[in-house]
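Right after this note come the structures.
In the two complexes below, subunit A is the common chain; its partner is subunit B in one and subunit C in the other.
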Partner chain A sequence: MLRLHPYRYHRPKELGEALELLREHRGDSMPIAGGTDLMPNMKHGLYTPSHLVALKGVEELHVIEERDGELVIGAAETLTRVASDPLIKRRLPGLARAAEGIAHPMIRNIGTIGGNVCLDTRCTYYNQTYFWREALGFCLKKDGDVCYVVKGGSRCVAAHSADTPPMLMTLGATVDLATADGARSVPLTKFFTADGIWNTVREPDELVIRVRVPIPSPRLRTSYQKVRERKSVDFPLLGIALAVEIDDSHLIESISLVVAGLGAKPRVVGGLDKIAGGQRLTPDIIEEVARRAHRQCNPLDNLIVDTDWRHAMVAVYVRRAFEEVLGQPLAAA
Partner chain B sequence: MIEALRLTVNGDTQEIGVPSHYTLLEALRYVLGYTGSKQGCDKGDCGACTVLLDGQPALSCILPVQEAIDREVTTVEGLAGPDGPHPLQDAFDLTGAAQCGFCTPGILMSAASLLQRNQSPSNHEIREALSGNLCRCTGYTKIFDAVEIAARALRENRPAAEVVRA
Partner chain C sequence: MKLEDFRGRQADSAASEEELREALEREFQVIGRRLRRTDGMSKSTGRTLYADDITLPGMLHAKILRSPHAHALIKSIDASAALELRGVHAVVTGADMPVPYGIIPWTRDEYPLCVDKVRYIGDGVAAVAAIDEDTANRALDSIEVEYEVLPHFLDPEEALERSDTPIHEPHKPGQNGNISKKVHLEFEDVEKGLADSDVVIEGEYYFEGTTHTPIEPHCAIGYFDPSGKLTVWSATQVPHYLHRELARVLELDVAKVRVIQPPVGGAFGGKSEPFDLEFCVAKLAMITARPVKILYTREEVFYAHRGRHPMLMHYKTGADRHGRIKAVDATTIIDGGAYSSFGLVTTYYSGQLITAPYQMESYRFDSTRVYTNKPCCGPKRGHGSVQPRFAIEVQLDKIAEALDIDPIELRRRNFIGTNTRTINELRITSNGFLQCLEEVERASAWKSKHRKLDYGRGVGVAGSCYISGTNYPIYPNDMPQSAVQLQVDRSGRVAVFAGASEIGQGSDSMLAYIVAEELGVPLDYIRILSADTDLTPVDLGAYSSRVTFMCGNACIDAARKIKKLVCEAVAEAWNCKAKSIMLAGGWAFKAEDTAQKMPISEAFNLAEAKFGALGATGSYNTPKDIHGTYRGGTIGSSPAFSFTAHVAEVDVDPETGFVEIHKIWIAHDCGRALNPLLVEGQMEGSVYMGAAEAIMEEHIFKETGLHNAPSLLDYKIPTSLDTPEMQSIIVESIDPEGPYGAKEAGEGPLHPSIPAIACAIYDAVGVRLDRLPFSPPRVWAAIRERGRQEEAGELSPWKSPPISVPLPATGD
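Our next item is the complex of A and B:
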């Protein structure tokens, strides 16, 4: 049995009220949406805020609609909804599939897309009970000052482990944020940082209100590839999102590839326009893209899986992503 | 801090006092006495605590109790009807789909929700619907069989025992 610390559970109905509560209790409060990440973390003693500000009841955070050439998704929409909503399935099938591959049905029924974007980073030495962490000696990310992954390391390298952000990044999504003092918008590619302790630019009393995704051209093809131990329940050991715009003769108009699940920040694979832009999508180009992704990624021993194997899988799953967008095995491409 | 709140469990609405940091599972088991929902991993990994919230399966061990306010909670205690066990319960009994039984209440709830939505689920749909419920004993085969039998019993409106014999 894992007991929670005492807290007050606030259930605001309006956004302004939620933001006000977060300001009033700044430093000792956290937002909670589905709680499917925060509740286990609190049970492990990783967060112990005295005030939880519940977001599910806030009307403004519930919306899925097309507006001004964008698809707008409220932060409190559940993953089940994101995976099954007809508008999302039609306009952003890659996002629906990424959401569908998260955890398992019960978690998707409660967990939200806002919580997924704000998911805490994960590490073998962090996602453990207080007893476990104390027995080994606390780590950099929580209660301690050593890193067990990088010996002598002073920067936390816990892994970004959420499934929708990589896909959203390749789709050019923006997050709208707000505090009691004002609002701002941040492209998702600028939202994450390389600090595993707190890997976003979001302030603790700031809320993600919605995610906005530009409606892609009908020529855009996407794939999300997730490596995990079991086909259900598990977090990604590696997540690969590919969005490539190709015309009928397979000429590449744009290409975007994000690799997540390795370090604190999802990695946008660089230099692809140079090697692939304007080219025909051939097995050679795919091989070159896979090589680049592999070269630019450097997995660490932060999750229970062999690091070299995880590194090797980068290229394998980049190839599989291309196979999916082409709708056929590579050999036949 | 003790909080007074109103919960509707298996159709019965009660005003209760619970510590404000309780999960729905703790409120069910330790305040209301509904011990059918099991406390397994207690952190979202195993599905033993699965209950229905407005008909949808959810994990009660990581659900703040306040999130159940104004919703219908159904636990395994509420599965049987006035005429006897739910066809799923009969099918589990007849096929030996429960061994130690610890996962059974959660699996029954996930399966009941599936059959509510879809009375002719494919084997794949059954696996998908139960993919968050772990079982350490059965190897799952008997469980999938039981759900198929219960689905047929519901479709054909006859007892699970007849479906098994047929």
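Our next item is the complex of A and C:
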């Protein structure tokens, strides 16, 4: 089987200790929670830190509670928990559904929400063994300087492949980060960058502590559409999160649409307030939103699937997100 | 006597008298019952020991250095740095084993490690034995190989044209070294058949390559003892052929080589020939005098491959106005990958095996297997005939539509019959195909569905046949294809020594059922000792669906020899005729008076006292007069053919192209189901595998020749959620030569899946998918194309609703 490199596994009990370890070994350490993303990547030689700092035993990272008008979710909470927790299901049903669609039950049982938010970007030329990547010639995301997706490209376009961030972005979520030197908060919409090599603003010795989501208005309706080859296991070929605040007469108060699975950064579809804000939701408006999403999203050959089809699916699944939104009951107060 | 009672029962507390009276009424006591597999409990509780579970004292671990180039000459190999690493015990290269091997004796074109040339990315170049895997991996990194890179060909049509750069040296000067095998056969006058046809359908079909994906990766352990005897444990499905090839390549006396096949965790044809790891562990064990193990990574399993050949198939099929087939004209280009493997047979099979279950007045096929710089293709479940079956069955669907004949009715009209010969002279005996068609027609409510379901939902039908073993062994000889040796203990325990390979298909269980049936001993009194060349008589291996038919017959032969002795001894003790004695339920008893009985162990003891130690051998060989009388006519010939029909019902999402297989009805003529539970398991497993190839699997490559996705995350096979509902219907035609009338069930049921699904998609949305797989992008593109044609007035709408075309891909 594929072998792991030698590393030291630290099991801190407290957050301060974990952050201290990350600072002490900055540049040669990585945090690990469920490890469902990191372990296969280490077996492929994509990460070879000498120190792993385990987060599951850190009490502060385990919490799901309502606090000051927000739902607070600790970074080390498992995806199974996020998908099934009664509070999350009641307040943020769209997030629970997005979490429920990740990978398969065994992965969700150990994979965490913090890990999903920080999931490494994916690409057919990157998620391969060392032998494979060496035989091809290393790419610019790891060990090399060329891009095989965009010939001559100098920026990594590996795909953001996580399912919860697009939903969290439409919900206006914030991540709380900490290093040994202090803490900061970043809105999720500002958390991701368009650099596939390291697609977040998180520093290497910085931890995502928790995700905070404002309790939405009862009029907010959400949908997460995940396109994938199989009904389980797979990463998204396309992830579409829609949040629309509408009243009983379908008057749109706000609308937010995020498309992930394209490049390194989930794309917030722009200009929707102009066409939809304050209007009554009609088939024409849905069609216009779908058209804008289609125009703003251009899939690349970073995943193993036909790009024309993936592009066309943007519009199809935006429509389906609206169908789901209109068919679903209002969230409980 | 209930069979569950067999479990844990003592021989001397066996069936009650009432149960024995019931037994008299039945034709069989064990055969035909729904029984657990004999190895089911240990496998499902994780206690079965597979090859990788074997650890020997002092064992070393080896790794193979693989080529990063698709086609290159090896200029030099320098392993001196590797040998200096602490913990490295030996390095071998191609020069250490310069004897070519190959499963087919006429096409030996592989070396255990490449000698002067690499032919695909992943080809083995050197192997290192070290104290552990990490040390072996480090050693691989320090081996310097100098290559001279050659142009590489991934497309067989390009390779055909580029004879200036042969992947293999031509056999004779002037030949094209990129042609692996060419077969052209014609039966009756095809041109005339086409000219006389009322309808001629022409189509081009492409079957994408697929691989086996067994859960257990290949694994082998070599041990060379000081007396000069080599033992190799390997996850193989052909221990006998491996035995021969190890001795030949390593230049050892065959008598000093022992091959042991532990339980195998899935093979599906992917372990049916020798592989580099077996030679490497053997050679490294010989050099180091230590046991040596290699376990492939999943990536290496994809490189070892031997999966389904990609085939480009051009078919012309003619029929009269009643739908009767007048001519089939097939031209096929077969993408072989880097080596021959079973390719000679594949090339014949691509044409030989589609001449039943339908009668055809004339038939011609021209098949060319071409080398390309990709992992070598070989036999996968339904070897060589799954691809042409897709083409011919879809052709029939198109003919049925052109003639406005129901496709099931069209197949009925072309039924070839029983006890007949195909147009290429293959002998057909029992044939339950008509009943298979009727069963799926009825179970699926076909008549109320075909062309009658709403837009987006459809049904399709297809039929097929498959061999129950090949009539001739891979190396010519007149000895039996299968043999079994039985040994009886005084306790009543019966040991079955059989060369047959248990690869998950249930062959050990099958042998136990036969011994229990014949000798009347409880199942847990039977020990199956299989696939160990030091202990067991030869069986040619678990391939071509041959084991139940051939080893089953051999086992019956051996068991009946012992049964005869036991009945004679008991008859003598009771002073009655031997034919009055029955053996069942742990007893020997008198048929006329079931109160007169003795425990089976006592009966065995009587027989041993009278005749000496109780043991017997049995064997099976194929009849020799059933093949075609032309060159190549032996290939495809089988002692019995199985027959299958499928109806598939699918939902197609016209906006996305996703195909959801709602249900597949499978009727399979297996002759007789020795254990219906296992037959159904084989039918379902086959359908799963066929459906996977239909909608998902793509064994494809990047431009450089690198495998596109050598992992189980990216190489898509269906999860349980993607697997269709299935209904298996067993049809029993009772074959005259099979064991109790049985024929194969492990491969035949796969064949109709793919064309049935293709035809169901057509019925659903009116598009023909003549290229595999029917992945969402491909289905979506075909639906859009049809929509365009409908808008242009070239086609009328399919079923009622017009096709809505989603947003143009180019945006607005």
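What we mean here is this: the second predicted complex is superposed on the first by the 327 of 333 C-alpha atoms of A that agree within 3 Å, B and C clash if a C-alpha of one lies under 4 Å from a C-alpha of the other, contacts with A are read in each partner's own complex, and residues count from 1 in each chain.
The rule is short, and it goes like this: a contact is a pair of C-beta atoms (placed from the backbone, for glycine too) under 8 Å apart; a residue touches a chain by one contact, two chains touch by 3 or more.
These figures come from a predicted structure and were not determined experimentally.
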For A:A178, decide between first (touching subunit B), second (touching subunit C), both and neither.
-> neither
Scan A:R291 for contacts with subunit B and subunit C and give back first, second, both or neither.
-> second
Which holds for A:N109: it touches subunit B only (first), subunit C only (second), both, or neither?
-> first
Pick one for A:F131: touches subunit B only (first), subunit C only (second), both, or neither.
-> second
Is A:I304 touching the first partner subunit B, the second partner subunit C, both, or neither of them?
-> second
Determine, under the contact definition given at the top, whether A:L238 touches first (subunit B), second (subunit C), both, or neither.
-> neither
Of the two partner chains, subunit B (first) and subunit C (second), which one does A:A312 touch, if any: first, second, both, or neither?
-> second
Determine, under the contact definition given at the top, whether A:L257 touches first (subunit B), second (subunit C), both, or neither.
-> neither
Which of the two partners, first being subunit B and second being subunit C, lies in contact with A:L52: first, second, both, or neither?
-> first
So which bits of subunit A does subunit B touch that subunit C touches too?
-> 1-2, 40, 104, 231-233
Subunit B to subunit A touching residues, read off their complex = 1, 3, 19-23, 39, 42-45, 47, 50, 53, 56-59, 62-64, 66-67, 69, 110, 128-129, 131-132, 134
If you look only at subunit A, which of its residues touch subunit B in the complex?
-> 1-2, 4-9, 11, 32, 35-36, 39-40, 43-44, 52, 54, 56, 80, 103-107, 109-110, 231-233
Mind pulling up the subunit A residues that touch subunit C in the complex?
-> 1-3, 40, 104, 124, 127-129, 131-132, 134-136, 227, 229-234, 290-291, 294-295, 304-306, 308-309, 311-313, 315-316
In the complex, subunit C touches subunit A at residues 66, 68-69, 121, 133-134, 137, 217, 295, 297-299, 655-657, 696, 702, 704, 706-710, 713-714, 716, 718-722, 775-777, 780-781, 806-809, 811-812
